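Each chain gets a letter, A, B, C and D, in the order it is written, and its residues are counted from 1.
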Amino acid sequence: AGCGGKKATTGGGSGGDGKKTVKVGLAYDVGGRGDKSFNDAAYAGLQKVQSELKLDVKDLEAKEGESDNDKIQRLDLLAKSGYNPVVAVGFVYAPALAKVAKKYPNTKFAIVDDNTVQLPNVTDLLFAEQEGSYLVGAAAAKKSKTGNIGFVGGVQTPLIKKFEVGYIAGAKKINPKIKVQVKYISQPPDFTGFKDPAKGKTIAQGMYDQGADVVYAAAGLSGTGSLQAATADKKWFIGVDSDQYKTAPADEQPWVLTSMLKRVDTAVFNFVKSVGDGTVQKGDVRFSLKNDGIDYSTSNPAALGDLPTTLNDLKQQIISGAITPPEK
Amino acid sequence: MIEQEVRTPAPDTGGARPRGATRGLVIGLGVFVALILLRLITGETDITSSGTMGATLALAVPIGMAALGGLWSERSGVVNIGLEGMMTFGTWGAAFGAYFSGNPWLGLLCGVIGGALGGLLHAIATVTFGVDHIVSGVAITILAPGVTRYLSDLLFTDEQGGGATQSPPLPSFPTWSVPGVGKPLGSLENHHWILISDLAGLVRGVLTGLSPITLIAILLVPASFFLLWRTAFGLRLRSCGENPIAAESLGVKVYRMKYAAVVISGGLAGLGGVFLAMVASSNYQEGQVNGRGYIGLAAMIFGNWRPGMVAGGAGLFGYADALQLRGGAGAVHAMLLLIGIGLLALAVWRGYKGRYVAAVISAVVAVGVLLWFFLTDELPREIVTYSPHITTLLVLAFAAQRLRMPAADGMRYRKGEGA
Amino acid sequence: MIYRVLAKSYTRTIVAALVALIFSIAITSIVLSVSGFNPPSTFQAMFEFGKEPDSIVNTVNRAATYYLSALAVAVGFRMNLFNIGVDGQYRLAAMLAAAAGGAWALPVVLHQVVIVVVAVVVGGLWAAIAAFLKVTRGVSEVISTIMLNFIASGVIAFLLNPSRLATKVAGSNNIGTKPISSSGRMPGITYPGSELKVYSFVLVAALAGFAFWFMVNRTRFGYDLRATGLSQSAAVASGVDAKRMVVVAMCMSGAIAGLVGMPQLLGGSYSYSLDFPTGIGFTGIGIALLGRNSPVGIAFASLLWAFLDQSSQILDFNDIPKEIVAITQAAVLLSVVVVYEIVNRVGKRIDQRHVAAQLGEVPA
Amino acid sequence: MSTTESATTGPAVELHGITKRFPGVVANHDIEIEVAAGTVHAIVGENGAGKSTLMKILYGMQRPDEGTIKVAGEEVSLHSPADAIARGIGMVHQHFMLADNLSVLENVVLGAEKLHGIGGKARRRIEEISRQYGLGVEPGRLVEQLGVGARQRVEILKVLYRGAKILILDEPTAVLVPHEVEELFGNLRDLKREGLTVIFISHKLDEVLSVADTITVIRRGTTVDTVRPGDVTARQLAELMVGSELPVPELRESTVTDVPVLTLRDVTVRDAAGRAIVDDVSLTIHEGEILGIAGVEGNGQAELVEAIMGMLPVDSGVISLGETDLTGLATRRRREAGIGFIPEDRHRHGLLLESPLWENRILGHQTRPPNVKGGLIDRQGARRDTERIVREYDVRTPGIDVTASSLSGGNQQKLIVGREMSDAPKLLIAAHPTRGVDVGAQSAIWDHLRHARADGLAVLLISADLDELIGMSDTLRVILRGRLVGEADPATTTPDQLGSLMTGAGEGSAA
């Protein structure tokens, strides 16, 4: 059942605006709700919309291996049924959005992680993942006693590459001689790497066995497996996208050093709110350390110890432009 | 499996072969020694580390359960390429049982039942209705993801942490290590002494951090052997896979045996699914099985439809996967050396046997592989990910002809229509 | 009467399909009711949505892709050769064809032809690996094609890399092959009432269906293919070279598989990128089984399948999991094979009785 | 009708009014048989008369549509072989019922594990029975390593192991060589002495007359008479079986020319294990000659045929048709060169059972008119020619669009013969051309062979029916363990003499 169980009109609704009630539509990337990272963050934003703005919402899931037509269909249905604004989660929606947004000029759209669609009614929600990754990279290097840390990527896409590059740069900033083990679970177009905790676990275990004592998993749900490995070996783990300390089981929580926060929830919420206020911004909206769209989590102070001092310092340098973490 | 009548040399059936168990042991030892040598030559310690061995075991369990399931089914004459789907039912069943009861053991039960129901469906189609086994297997593999996603959407989306494609986190099984093994062996292992450290790695990897499912899975291998080869039930079941008409003429209830075998087959696949959802990870995930059912079938073929060898096959694939996941490109790269030398040995053997063309082909491939090894430092990461699948193909290409499947495997059998 | 009805194999197919459809609708209704939904209104909503112009265009486009995939599968099935590897074959073929199409700018028509030929050749060659292993090494094609699906993913990943055949799309996190220039694209066909276009590759698919029918039913090769499927031993005794058949049929199947990605590539995305659809090869297996490996049957089956996929999209809006159609699809598939088996058996018995009766050989 | 000799015991088995219908066929119709305890009761009848069906009914493998079965005076309802076994009935089937890949022990104890388990105890029991009856069966061997005779003995042991009191033997001698038959009969007499009842089916009437106490004749599914061996001759028995004068296979004047058609030089075929199954065979068949090959089944006949057809690779030697060297050619090329082929197993090698007759006309002739034009199938041509075959060869069918599976075996065979005689073959390979075919069809097929021979066709005839072989051959060769071991003159040889040649009893040449 869809979110909140609200009844919606079936097809045939008139195009977009002119309606009194605002209804918010959201289309997930593969992985969907429950991935404990990217999509879940979007969902959190949507929940906030529902509870704080008291708006009707509708979220639709994608299917593995579907074609552009399916995505067009999904966005089109939302727009056609009067959902406005409509949020597309993930760069895979770009070609579909380009078509649908043209068809419904009065509907406001947003897309996460892409700015190839340049239309007056499309807002591109972009994140500086490298900045947050830089910070947690620094945290890992500081925390590491062995001078050996790991990075587990879900799927080897340019997006995840950004996390890797930022992480390594941050770590090297602290310890130029640090060894970083890098491993991806799957290769595109095979996207199962984002949802294979078993492999996330095996890889992290391998890294710990090879001497790493901190592992950063930018791997969607597969990261939960890596956290299990960390708990078993009593080593450190760094989460991604959402604050994974909050979703981890109690016995695993102590080993979550921090998480790189990519505030898709904030982005979604702000975007919806701005549509309501009439202050909606078209084109690129960038989220970074500067506007709290990117951050690191401090929900496990026992583990972090005095790390925040260093991290906040680096953060200020990045915000001020003194440091520019690399993107590739 | 389904072998069309393209004539390939018949399997050698000479009487003077070492018995299965001894043979398996000899092969196992040989492989282990080769790995030790490889570790020494290349310096890739991960080749025999306890971590690799442990990961091998963890990765081999689901494959092995699928393979054992395939063995049960095919020993009764029913080809089961629906294992993939039955494992999917197993993963979902495990999540359903464990989440809603809060008890991992009920997850185990529901997962096995889920797989067994898939098996039952396959049995109904193939045994009662005489549907082609491949066709039914494919249909079940198509059915499973649809059903589980539908059910997840109904049951998991409104739960905290759940969604249409995954269950909420599940309660986990306790793990268990053989007492007194971890520490001392760990230090032995770290010395990287020849043989001793390797052996320590193997023992430590296999004996520590075991889940109950792993134990059950390991025990199921000898249990299957015992049931199938040492009991009247097993004899009857196997006779249905060899010559169901003869079995029928001796009063064996062929349909009943086939049903039993295929349902057990599904249950075993389901158990593999339980392992994936509850031990390898902590929740049900759409697409979690990810081809393991098929690799299981390959392991079954590789193991010549015999439990011990089948377990060995699963171990091989588990090892290939563990190596590529942990060691990555380096360790897999080292494997090239082993393959190259193996092929070279094969070439010599063939030359000795007078099969010169085959010998030359092997030699050329061997040289190619060795050149590849010496001229590169790493294999492309994208390809390494699929080394278990490439291994499967290679192993089958070299082994398929010496194998003997049950004589009536895949045959449509109808009661009372025999000779 | 019944004899007349069941005498022809196509009427048997139709009867089987109808019974199976009714059965699976019943199953679906039961599942819906048990889950607390109203079956008639669910079907109604699907039907209403499915007949909108946009939906029709999407259904047809989808069906064309499914159709090609099922044809590829059916070539093998016709001789009991199980090509489970259509999935890997079409993805690899589409990827390399897209790369080739993007790399060269050629005159119209020639450009499309080159792209399609590359796809066909790549698909055929990838399938040839399985054929080779089967013929020379006795490796079951079921296992080898499944493994080749995975390995194809690896090869695609390797090649789809900015340092090899791919380019990164500026501003996006996607990567893909260089887009095919307009000379290589196939313009769509307008459908009244819809802004979406019907892929013109639909026509090629129809042509492929006809060619398939002609090949199977009218040519010597087709006869050998069918004979091998009906009785391999009899075919061999009649002079069919079983190994050659395996190689030819497998390569042909792979070649048709090469076409599967073309509607999307030439009519929609113009590039092979990370979001290129996957899994169509498996759908094709189901559809081939549903259509009983005949080109006409497959046409109906792919339209039905596509219609269910398409019209189910609306269900999410009614808070009904749209995966219900996956259950319908699987039920229709399983029941059609079972029902066909039964109908066929009954039909055969009636046949025999009829022949005996006509010849007056049945003693009282 | 006298059925028993010992009045003290009642009949062991009584079958009353048994009727069994298959689609299109009534296999058994109102069967009446009483089998006295402690006797050997033979059942004879033509191929397809319904003997096996009847025995399967008695063994619980098939259910009668009508009729009653009494065992030891008690009416029983047999739902499965298990029921029959429980009543002390055991059956040795016409076709071996053994799993090749299981050991002898496993094959024997299967289904009877309750008796002595599946381990050492069972092994000892098997060795004991084997000794007792001189069967010479080793429990540890894999069945696939056994020869035909040994398999037969395993089958009998299987039944004895279950302690059967009533033994059904369906054509047990078909695959045995004469001294094995003698041994078997010795065993049967022993069994009888110990009070067992034997029901015995055979086509070999002299055997029947020598071993049976009572003989029941079945014709077209129904019992026509029960006689005692002393009261009838083999010829009378045969005519009871067919209900009319027997057709006689015979050739009138010789048409043999000296133009060689098929020549085999030192042809050897080996199996995967390297054993020669066809061993150094040389022969020549001339235009207008029928060369018959006699041999006990399994002595390499089938492989010889497959080698000539190119279905089995030849290890060494040369096969040529006229001037053409066939050795390296594919089956299709050989057929095109002018070989017609009537296969031994028509279902496996001769027909597409699920396809209509006219499509079956094309099978094996896919490259030649009237079936094809260029690369395309000529449907009209094929249909027209099928009509011709149906007419000329008297194939009883309502039309050419029915599937081959709906025809009776004899009509299927006539279709195949007609097809293989088309396209003017130079050589016809006829493997058991009249097997399972009724008397009328049999003589029609012989007529066709005679005509074709007169027109210069060369024929390689393989048959288990010695009368057919002797009557239809111009030249007779004998095959034993893959070697051509002797030659016989069909004009003078008798089935007995031929039989002893076939078993190697009198190696060399017989007059």
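Note that in this section contacts are C-beta pairs under 8 Å (C-beta built on N, C-alpha and C of every residue); 3 or more make two chains touch, one makes a residue touch a chain.
Protein identities per chain, from UniProt: B, C = Nucleoside ABC transporter membrane protein; D = Nucleoside ABC transporter ATP-binding protein.
What you see is a predicted model; the values in this text were computed from it and never measured.
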Self-check item: Farthest chain relative to chain A (centres taken as mean CA coordinates)
Solution: D
Self-check item: Centre-to-centre distance between chain B and chain A (centres being mean Cα positions), rounded to whole Å
Solution: 36
Exercise. Quick one: report the Å distance separating chain C from chain D, using the average Cα coordinate of each chain.
Key: 46
Quiz item: When the C-alpha atoms of chain B and chain C are each averaged to a single point, how far apart are the two points in Å?
Solution: 30
Quiz item: chain A to chain D: how many Å between their CA centres?
Solution: 75
Self-check item: Junction residues of chain D - those touching two or more other chains
Solution: none
Quiz item: Going by the touch rule set out above, which residues of chain B reach two or more other chains?
Solution: 153-154, 164, 382, 385
Self-check item: Of all residues in chain A, the ones touching two or more other chains
Solution: 1-2, 61, 64, 156, 187
Practice problem: Report the complete set of touching chain pairs. | Solution: A-B, A-C, B-C, B-D, C-D
Quiz item: What residues on chain B touch chain D, complex-wise?
Solution: 9-15, 230-232, 235-236, 238-239, 242-243, 245-253, 404, 406-407, 416, 418-419
Quiz item: How about chain D: which of its residues touch chain B in the complex?
Solution: 59, 61-62, 80-85, 91, 93-102, 106-107, 109-114, 117-118, 142, 144-145, 158, 271-273
Exercise. Would you mind writing out the residues of chain D in touch with chain C in their complex?
Key: 23-26, 29, 220-221, 309, 311, 330-335, 341, 343, 348-355, 359, 362-367, 372, 375-377, 396-398, 402-403, 405-408
Quiz item: Contact residues on chain C for chain D in the complex?
Solution: 217-224, 226-227, 230-231, 233-241, 348-359, 361-363
Quiz item: For chain B, which residues count as touching chain A in their complex?
Solution: 46, 49-52, 54-55, 58-59, 153-154, 156-158, 161-166, 168-169, 209, 276, 280-283, 285-288, 290, 321-322, 325-328, 381-382, 385
